[in-house]
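First subunit A sits with subunit B, and in the next complex the same chain sits with subunit C.
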Partner chain A sequence: MLIDSFPLLTVLLLFITASIMPLLKKSNLVKGICIISFIVSFVMYLATLNRVLKTGDYFYRVGHFNAPFGIEFHVGTVECIMGILFTFVAIMVIWNSIYNIHFDIREDKIPLYYLLVNILIASLLGIVFSNDMFNVFVFIEIGNLASCGIVVVKDKKENIKAGMKYLIMSCLGSGLVLMGIAFLYSITGHLNMTYIHNELVKNYIHYPRTILITLGLFTVGLGVKSAMFPLHTWLPDAHSNAPTTSSAILSSLVLKGYILFLIKVLYRVFGIEIIRNFPILNIILVLGCLGMILGSIFAIFQKNLKRVIAYSTVAQMGYIFFAIGLGTELGIIMSIFHIIGHAVTKAALFLCTGAIIQGTGHKNLDELKGVGKEMPYTLGLFFIASLSMIGIPLLPGFVSKWYLALGSIEANKTLLIAVILASSLLNAVYYFPVSINGFFGEENLRGKIYKSKSKSLKELLPIIILVIAMIYIGIDSQSIINLIKTGLV
Partner chain B sequence: MEKLLTNYYETGAIILFGIGFMTLLLNNNLIKKIIGMNIMDTAVFLFFIAKGYIQGKEAPIISGNFKGMEGYINPIPTSLMLTGIVVAVSTTAFALALTVKIYEKYGTVELDKILNKGE
Partner chain C sequence: MKNLLIILPILFPFLAAITIAVAKFQEKKRNVFAAVSVILNLVFVVYLSHHMPGGKLHLLKINEFLDIYFKIDKLSIFFSSLVSILWVFTTIYSMEYMKHEGKEDRFFSYFIATLGITLGIAFSGNLITLYLFYEFLTLATFPLVIHSGSKEALESGKKYLIYSFGGATLVLFGMIILFSLTNNLTFVPKGILNNVSDSNIYLISLSYLVMFIGFGVKAALVPFHAWLPQAMVAPTPVSSLLHAVAVVKSGAFALIRITYYIFGAEVIRKTHSAGYLTVLIVISILMGSFLALHQENLKKRLAYSTISQLGYILLGIILLNESSLVGGMLHLINHAVIKITLFFCTGAIMYTTGKTEIGQIAGIGRQMPITMWCFTISSISLIGIPPTNGFVSKWNLALGGLIDGKAVFPAILLLSALLTAMYLLPVITEAFFKKGDNVILLKKEAPKKMVIPIVCITMITVLLGLFPNPILVFVREIANELI
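What follows is the complex of A and B.
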């Protein structure tokens, strides 16, 4: 059936349209092709999700060889939700970039920039769907190069420095991941995740040390790439110096692709029965807690608005690692739910910040006081999105915190609720001042002209849609959680 | 110790991996970092290919008559590492290009000096 091949088709579609882009001279045409390719992918994933909900998960064979020799795509509910999420956020970010990409990037580089964006999202979708370890590694490397590319594209001093740092750290990560794959291959003789799992279940008793090392290699390697707490050092530089569009994509999507692979490695390749015998989940839990607290503390001391949001990403990734580390079913569901909520929210936050920085020409928090009078709608949207980060009821941030608290009670780790509370309070400490200083205060508002730098509705529309999607995710969280639950089994 | 000697391919690969990893992490010079990255990748290639090698069997290239499945080594790790080499080469090329850019903008390839200048 044609509908079965949609996941593969979207990945191919994005790669093929990417390869056409540098041949075209007109940047408007390139923008059009880029956004249309994402819209087509989005519709395809909706159709696939519909199909999966009706008839259940399936394996799609790529090429003419059956598993274990050929490459397979595993298409399940969670994968389809991720596909929809990635393409949806990408559509909104690219729609927003159409109006303001020329502020950041030279005109002749624009086709190449959209090429990188398409390749990056395609490789992330590949990581999400592929059921073959080595195939995932190749997608990781493609995504690695493309994501460094969209950081350095601005061609400024700081960008290249940040890009180099990012490249070195992620090469370190992918080296470790490849070594992990080599270890798994040497124990099991397979590269297909399902087959590796079947072999491991039979034989893991005999290789306790090797499995421990392999788990360590995967956790550290993917931890570097998805900014697990002590390995996050590249993130603030890369995310704050990159152009707005890149920051939004990097922060909301790229990290999520790698973390989803980590979830797959832990729960699909090894399986909960095997990893229970090793302390790996507790280590992830502790690092997640540290990330939640210290990421927020670092964010408080930042002076640059984009760096504040970048450090907030470190803290939010901490929540996802925390949820994985709980090791219960609720934990996994909430890690996936938090991926969804955070992707939409962080994209909206970065796009608002980009609009504010572009409108005022200032980056530092001190200079952005009173910006609420000049750009009331943009800062209003920023405020709503930051409420979700802090955890105000009805918004997705609150839902994931609430369920994480329930999850820690369920896992008999009530002490962790204190960590969640502390982290929420710290979030409030650095997000509220931005909005409060923006909207209120006599001296802040003096000399500012109402709506003088306001953006037109057309340019704000992508951010508004993101915020509406975020509120929808918050209100309708129960059905999304149920959907994820049916997909996990 | 005896285990290490009998599996000398793997031992060598892990030692190389460690060397590459530490070079990548601890050196300040960007070119040395890239060399470290390459050593690390090569160690993984060695590890993988050693896993596919079977004592006394031929390379899986049929010239003349086919000797049956038992006559050849496992070709999958070798072919995987071909892809791995392509990936490593492209990453190295990108890293070197960035290093050239960094030298143009900062006038040095020492990471600590670059970080200090950025402040």
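What follows is the complex of A and C.
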């Protein structure tokens, strides 16, 4: 059936449209092509999800070669949800960028920029769907270069610096992943995940050290790329200096692709039976806790709004590592749910921040006092999104925290609830002052003219849709969680 | 479908608030609109209490815990009527008072929205709904606290937020532990923990302690009280209503809910957690009174007095017998009407003369006799001299203490009453018997819109003292169900 090949088609579609872009001179045409390619992919994923829910998971053979020799795509519920999420957020971010990309990037570089965006998202989707380790590695490398590209495209000194830092750290990460793949290949003689898993189950007892090293390589390698706590140092620079569109994509999507691959490696390639013999999950759990607390503490001391949000990403990634580290079914479900919730929320936050910085010309928190009077709607949306981060009931942040807490009780680690709650309190400490200083305070508001820098509804629409999607994710969390659950079994 | 009416008194204030914020009425029209919407809301509450006691509504059931559920029972009728009635008076009072504070539109929209949220707390049928509205309460009252927008106000607003969210986080902690044990957070008289095995008693105890302290933050339990005196920078109607009625009483109300509708007196007795809490509460009662003695600023003195009086209510809740619970709930009403009068009088003095310190008000009794007489009556009621309402509630509290066989509680109550007299009576003597420096004996009361609410509430106070029985019977019925 044609629907079966949709996941591959979307990846190809995004790559092919990307290659057309530099040939076109008009930037409007490029923007149009870019957004249309994502809308088409989005619709295709909806169709695929529908198909998967009806008939179940399937393996798609690329080029009709059978598995150990050819490349396979594994198409399951979780993969489809991720595809929908990635393309949805990408559509909104790109829609938003149409109005204001020219503030960040020179006109002649716009086609190049959208080319990079398309390649980046395509490679992420490749990572999500591919069932072949080496294939994933190739996508990781492509994504690596593209994501560094969208950081440095702004062409300023600090961008290049941040981009270099990102590139070095990221390449280091890919190198470790490649070594991990090599180790696995040397033990099992396969690159296909399913085959590796079958081989490993048979003879993992003979290679305890090799497997331990491999697990370490994957965790550190992917940890660098998805900002696991002590390896996050590149993130604040890269995310805060990049153009708004890039920050939103990097923070809400790129990190998620790598972390999803880590989940796949741990639970599909190795399997819970094997990793339970190694301390790896506990290490991830501890690092997740550290990230949750320290990421928030670093965020409190930042003066630049974008850096605050970047450090908040470190903390939120901590939640996902925490969930993975619990090692229970609920833990995996919640890590995926948090990926979804955080992707939508963080995209909305970054777009609001971008609009605020662009509207006022200020980046620092001190200078942004009173912005609520000038841009009430934008800051209002920012406030709603930050409520989710803080964990007000009904919003996705609360749902994640609640289930994570229940999960830690279930795993007999009741004390960890304190970590979750402390982190959510810390979130409040740095998110509230932004809105409070923006909306209230006599001294701040003096001389500011009401709605003077307000954006038009047209420009706010993508952010509004993201916020609505976020509220929907919170309210309909039960069915999303059930959907993820069916995908895991 | 009829049950959908329950959300009317919760939703209507929000709509009214949005209308005020958006419509940009003229002053007079806005005042009329605000008054009408508050009174209309009172009518809704009365209608609901009469026509559908026991009404239930699952507004939004997402899963077993995220379940927005409203229920009308006697306790919610009790609290919602108190709140709605006092809100009407405060609205009328603020119309005049807020003139010199400015930004009235903003004030009235948040103020009326807070009414909806407080009623949401009153009608919550399970803990998660209560928690949700509890968080909203913090968010909606925050702009009221920092109304003046000065640096000092923002500072205290920050403190208020940190304390409140800290408390809410503790509540969440307790809630998660509880949910993992019971899978249920609905309010049921006598609690939901009957089937939980004794092996979990440690967890239950932890959960209760954490939640009590969490809600206790809003009820100004020492050592988590520091936000309350600081929040006095807010305009007087806000201080009076929010810090004598809505916010702190929501904390106390939530404590009644968790103590008797979630855990149940039996289980709490088993956990022995009440002992630790009693110590904190006794400290609150005494420390509040002692600190009040040292305050020169009238509003601050009243704020510390609130801390002490709230301790009475919490004591009534934690002693776990019928008489003390009756006393606690009566004091919840009595303290509300008394403290609101005291604050209104202080506000009236501030508004007409600009005086805020006790040293400045010498001779003001001759200048503003009605206001100061109301102040005097309320003070006497708060001290608890018979036949005032303060006496009725303290009597029941003392009885409850004696049932437990502990004479120490009545002794503490008496000591605290003495201290109350010591910090309130000097205000009265100063006002009536001392001559001011500049002898202006012209009568100059506050405007009518401020005096009328003061007089009305004072009359309610007196009536509650003279005829306590209707309320007493009602409160006894509630208590009977619970113990």
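By our rule, the second predicted complex is superposed on the first by the 488 of 489 C-alpha atoms of A that agree within 3 Å, B and C clash if a C-alpha of one lies under 4 Å from a C-alpha of the other, contacts with A are read in each partner's own complex, and residues count from 1 in each chain.
We adopt the following convention: a contact is a pair of C-beta atoms (placed from the backbone, for glycine too) under 8 Å apart; a residue touches a chain by one contact, two chains touch by 3 or more.
Just so it is clear, the model here is predicted, and its values are computed rather than measured.
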item	value
Simultaneous placement of subunit C and subunit B on subunit A, clash or fit	fit
Touching partner for A:402 - first (subunit B), second (subunit C), both, neither	second
Partner chain in contact with A:286 - subunit B first, subunit C second, else both or neither	neither
A:43 touches, of subunit B and subunit C: first, second, both or neither?	neither
Partner chain(s) touched by A:428 [first = subunit B, second = subunit C, both, neither]	second
Which of subunit B and subunit C A:24 touches, first, second, both or neither	neither
Partner chain(s) touched by A:461 [first = subunit B, second = subunit C, both, neither]	neither
Least C-alpha distance (whole Å) that remains between subunit C and subunit B when both complexes are overlaid	31
Footprint of subunit A on subunit C - complex, ascending	60, 62-63, 65-66, 128, 131-132, 135, 142-143, 146, 148-151, 154, 157-158, 161-162, 165-166, 169-170, 172-173, 176-177, 179-180
Subunit A - residues contacting subunit B, complex	134, 137-138, 141, 144-145, 148-149, 152, 155, 157-158, 160-161, 163-164, 167-168, 171-172, 175, 178-179, 182, 185-186, 191
Complex contacts: residues of subunit A adjacent to subunit C	390-394, 399, 402, 405-406, 409-410, 414, 417-418, 421, 424-425, 428-429, 432-433, 436, 439-443, 445, 475-478
Parts of subunit B lying in touch with subunit A, wherever the complex brings them together	17, 20-21, 24-25, 30, 33, 37, 40-41, 43-44, 47-48, 51, 76-77, 80, 83-84, 87, 90-91, 94-95, 98-99, 101-102, 105-106, 114-115, 118
